[in-house]
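Chain lettering (A, B, C and D) follows the sequence in which the chains are written, and residue indices restart at 1 in each chain.
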Amino acid sequence: MAEISEEILKEVIKKRKSQTHKGDYGRVLLIGGSENYGGAILMATEGTINSGAGLTAVATHPLNLGALHARLPEAMFIDWRDTKLADLIKKMDVVICGPGLGMSDLAKQILVILRRCISEKQTVVLDASALDLISQDKTLLPTNAGHLILTPHQMEWQRLSQIRIPFQTDSANIDALNQLIPDSNAILVLKSNHTHIYDGTGQIFVNPIGNPGMATGGMGDTLAGIIGGLVAQFGPGVETIQAAVYLHSLAGDLIAKDNYVVRPTELSKVLPKLMKKYSEMV
Amino acid sequence: MAEISEEILKEVIKKRKSQTHKGDYGRVLLIGGSENYGGAILMATEGTINSGAGLTAVATHPLNLGALHARLPEAMFIDWRDTKLADLIKKMDVVICGPGLGMSDLAKQILVILRRCISEKQTVVLDASALDLISQDKTLLPTNAGHLILTPHQMEWQRLSQIRIPFQTDSANIDALNQLIPDSNAILVLKSNHTHIYDGTGQIFVNPIGNPGMATGGMGDTLAGIIGGLVAQFGPGVETIQAAVYLHSLAGDLIAKDNYVVRPTELSKVLPKLMKKYSEMV
Amino acid sequence: MAEISEEILKEVIKKRKSQTHKGDYGRVLLIGGSENYGGAILMATEGTINSGAGLTAVATHPLNLGALHARLPEAMFIDWRDTKLADLIKKMDVVICGPGLGMSDLAKQILVILRRCISEKQTVVLDASALDLISQDKTLLPTNAGHLILTPHQMEWQRLSQIRIPFQTDSANIDALNQLIPDSNAILVLKSNHTHIYDGTGQIFVNPIGNPGMATGGMGDTLAGIIGGLVAQFGPGVETIQAAVYLHSLAGDLIAKDNYVVRPTELSKVLPKLMKKYSEMV
Amino acid sequence: MAEISEEILKEVIKKRKSQTHKGDYGRVLLIGGSENYGGAILMATEGTINSGAGLTAVATHPLNLGALHARLPEAMFIDWRDTKLADLIKKMDVVICGPGLGMSDLAKQILVILRRCISEKQTVVLDASALDLISQDKTLLPTNAGHLILTPHQMEWQRLSQIRIPFQTDSANIDALNQLIPDSNAILVLKSNHTHIYDGTGQIFVNPIGNPGMATGGMGDTLAGIIGGLVAQFGPGVETIQAAVYLHSLAGDLIAKDNYVVRPTELSKVLPKLMKKYSEMV
């Protein structure tokens, strides 16, 4: 088990080369945001856009369109019931599914479409209700994805792995992950005060930073968005996931220096500055 | 009668412990925001979220959804006509009812649902039109709540207590409060230039700070939101209410140093910084 | 003819007294904002709220509700087709009618309602398309208002007064104003690079400041809003109007120090700070 | 082939004269923003308004109205299906068509209307899907415009010119431009890491600045908006286009000093300050 350090940011966040265009920084699709949880997909999208994804699209309930563009004109929109969603999924480098998705039949159908359309060159980040739906029906797992990243908090992991929280030891978690997704291309980001990252080969990484001011709604959605943004730019290796988790907490710690509560939307705002700093370190 | 001082902030606003998660900082539901007064519930919600509540949900007219998420993606949304409102109320630690609620039949029905669903582990903050509706029909009081906090301004208190403003003396107010809510678990926050707080045991606390730049629409809604946010984190004791009232005025005084009018939305923005400062004082 | 100076701000903008509440700072209703010109009423409302009105309501096309509250939760909303508009008008201290109103039949009906409901304790600020509609039909003038303030630019004044721009001399303007509104309670704010203010008694005041970076859409709407905000607080005297015109240009000059174009929304943001400064000068 | 330098900004961006009004700074209409790409037209409009256009109107899908005014109350709105669009086009100095326009039949019809209504005193900026639609049907080119500015990226230019990217040499590009638009009043802004500007007389200008943090969705939309804003104020000469391209990159470089990714909306915010600086240099 290794502790993640600031070094991972220097390593992963590369200085951009001049002969590049937005396509080089990845296409990310975020799926989520029901009538009740529209804010979750907005916060995830803020994480993705502020962490530098090349192109970002959002599939959500049409009720969320106005707020999406009021906050984030950079994001493209698609009604999540639109039959073109299937084709859009196929064009993406990364799909983040789950923030504010909800447990409706439509949400389940979307997972079915995702499973059907995803292929091995793509990465899927599964978060929140996407994980809960998969807990109910394991066949919804988009196993054809080249890389699968699961980002449950402890209760979601309990539902998915059937391991109750007190028994979520490293070895139990690794076994459960390998059983759930036998290929070694899966990564589990188990969120807690000290988030653990498990990859399919048995490596474990622990996040030593972060603060309790981050204990507020939307923090996990934002992390999912940052993971997607970094994978789009730096690939789906476990180093990228470590960098995303560390960056998220580092940004939270920066806000918490002066603020009692860390609003997720404030956290996302400082990402471009933090990433700049680390991209120039050697 | 005691004057509230800065000390109450040091006492109430605790440094967060590291082994905590958002559930530890309380679930708050805000109910209000008719077609005409949608801004009121938004301003209350900004008070709640910026003062650090763990999870915040808003039951409001569906017309307000777009602006809610454009300003506050951190908030969950429910259409206030949704039959799931009753179940949602049951899951909350604090319910703030009233900002922009209006006097419609629907508003009345919501108070009936609130009264039916609330229980003794929960705190209810009643503000604005919720108080006016109760003035018309006392049976709407959600007396099953573990703690009831009323936040009328003087005219609303006149309607509720039948005491005309010039006769709203401390002893008259205490008597009226005890008559209205015989249990000692009620707190009256009587808003004026020097807001008085009365608890059910006869204690009286006076707010010595604040400024006339705060005399603008939405200031009371914001206070209701802050009260809910602090109760969610620090419990429903009268110290928490004192802290909320004092914090609200302190933030207003900070803005008023440089601004003729104190916009409620600006006031809410400085809450995380002020709270940070006092959480670290001993 | 007198040149307005900074002195007017010290004189008009009074330090607020502590024993006051929002009702003491006036109720303002803004009417305007068609489907096509919704932004105009938003910018006017930003002027009103940032200049310190106690309570602000907006009657506009329902399409504008979302953006109104996304920007300005402080404002109350009423659908401008709502039959309760007539009653609302009666409760106001100041009504600003015109920004983005448009030339529709509905706009005309609103002027009819305004004329019918307004009374002598109230001030009406007429701007933009309200003036153009009155140009077509003089009976739409709300002559029962205690004070009438017209804020045309030169072309609108040409249509209203029938004086072509090159012939808009001071004496011609005064004659036309007195003919249009025989009572001496009318004030004409004739907007140009050096806005002139004419009152019904023949006084003339010229604004010496301002800058061409302010030559951008929405600047006039913002001025109408500021006039309403100051009248609500400091009464409808010609000094208040001078202060509003000067304050608007002073804010514009402040922004223009660092900015090529002065966005109206940026201008409104600095009003609370500027007003604070002058409220404390003797 | 000449390299664009900072000098072009001093030359083009003129200090505004005091005897001017908003009409002197041009009327700009932006057309675009389908259900899926509403953010594109918002970002273009931010470029136009922040670069100082006198009056700005937006023809877009009605779904985008709320976000438009939440971000930009300065912009007027028209439903892009509104039959009054044709008349509105006739009143404009500059029409920017394309950002987020999409490839629908309606989009095509809009190009037909644009072609029919535009005349020689007007400038048209064609961007994004407008160019792709013209690639499919050359008769959609609004050739009656006094000045035509095309702003394709390399792939859009490939579709329009039939020159594959590796073969897009200066001489091939000039030939293709002259063949496409035989009059010498056309300018091609071929976007890449080092954007080239070609005018109808064979001049070539290369942009030496910019940075790869700008490789993110919406950057091109913002440039189209800035081009329109500057043409509205400084005329359609090739110097204006050089200034717009250089200003866009300079703003991007300013943001990139401290930020890993350059969000287009952040870029637009610094335009008024940059333009101020250059307007005062001799």
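Rule of thumb we're sticking to: a residue touches a chain if its C-beta (ideal position, glycine included) is under 8 Å from a C-beta of that chain, and two chains touch if they have at least 3 such contacts.
Values in this document were obtained by computation on a predicted structure and should not be read as measured data.
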| item | value |
| --- | --- |
| Size of the rotation, in steps of 5 degrees, that lays the CA trace of chain B over chain C | 90 |
| Same-residue or different-residue interface between chain A and chain B, half as cut-off | different |
| Remotest chain, chain C as reference, centres from CA atoms | A |
| Whole-Å separation of chain centres (CA-atom averages), chain C against chain D | 35 |
| Interchain centroid distance [CA atoms averaged], chain A/chain C, Å | 49 |
| Chain A, residues touching no fewer than two other chains | 66-67, 70 |
| Chain C - residues contacting chain D, complex | 35-40, 42-43, 46, 63-64, 66-67, 70-71, 153, 192-193, 211-213, 215-219, 256, 258-261, 263-265 |
| In the complex with chain A, residue positions of chain B that touch it | 13, 16-22, 24-25, 49-56, 65-70, 72-79, 271-273, 275-276, 279 |
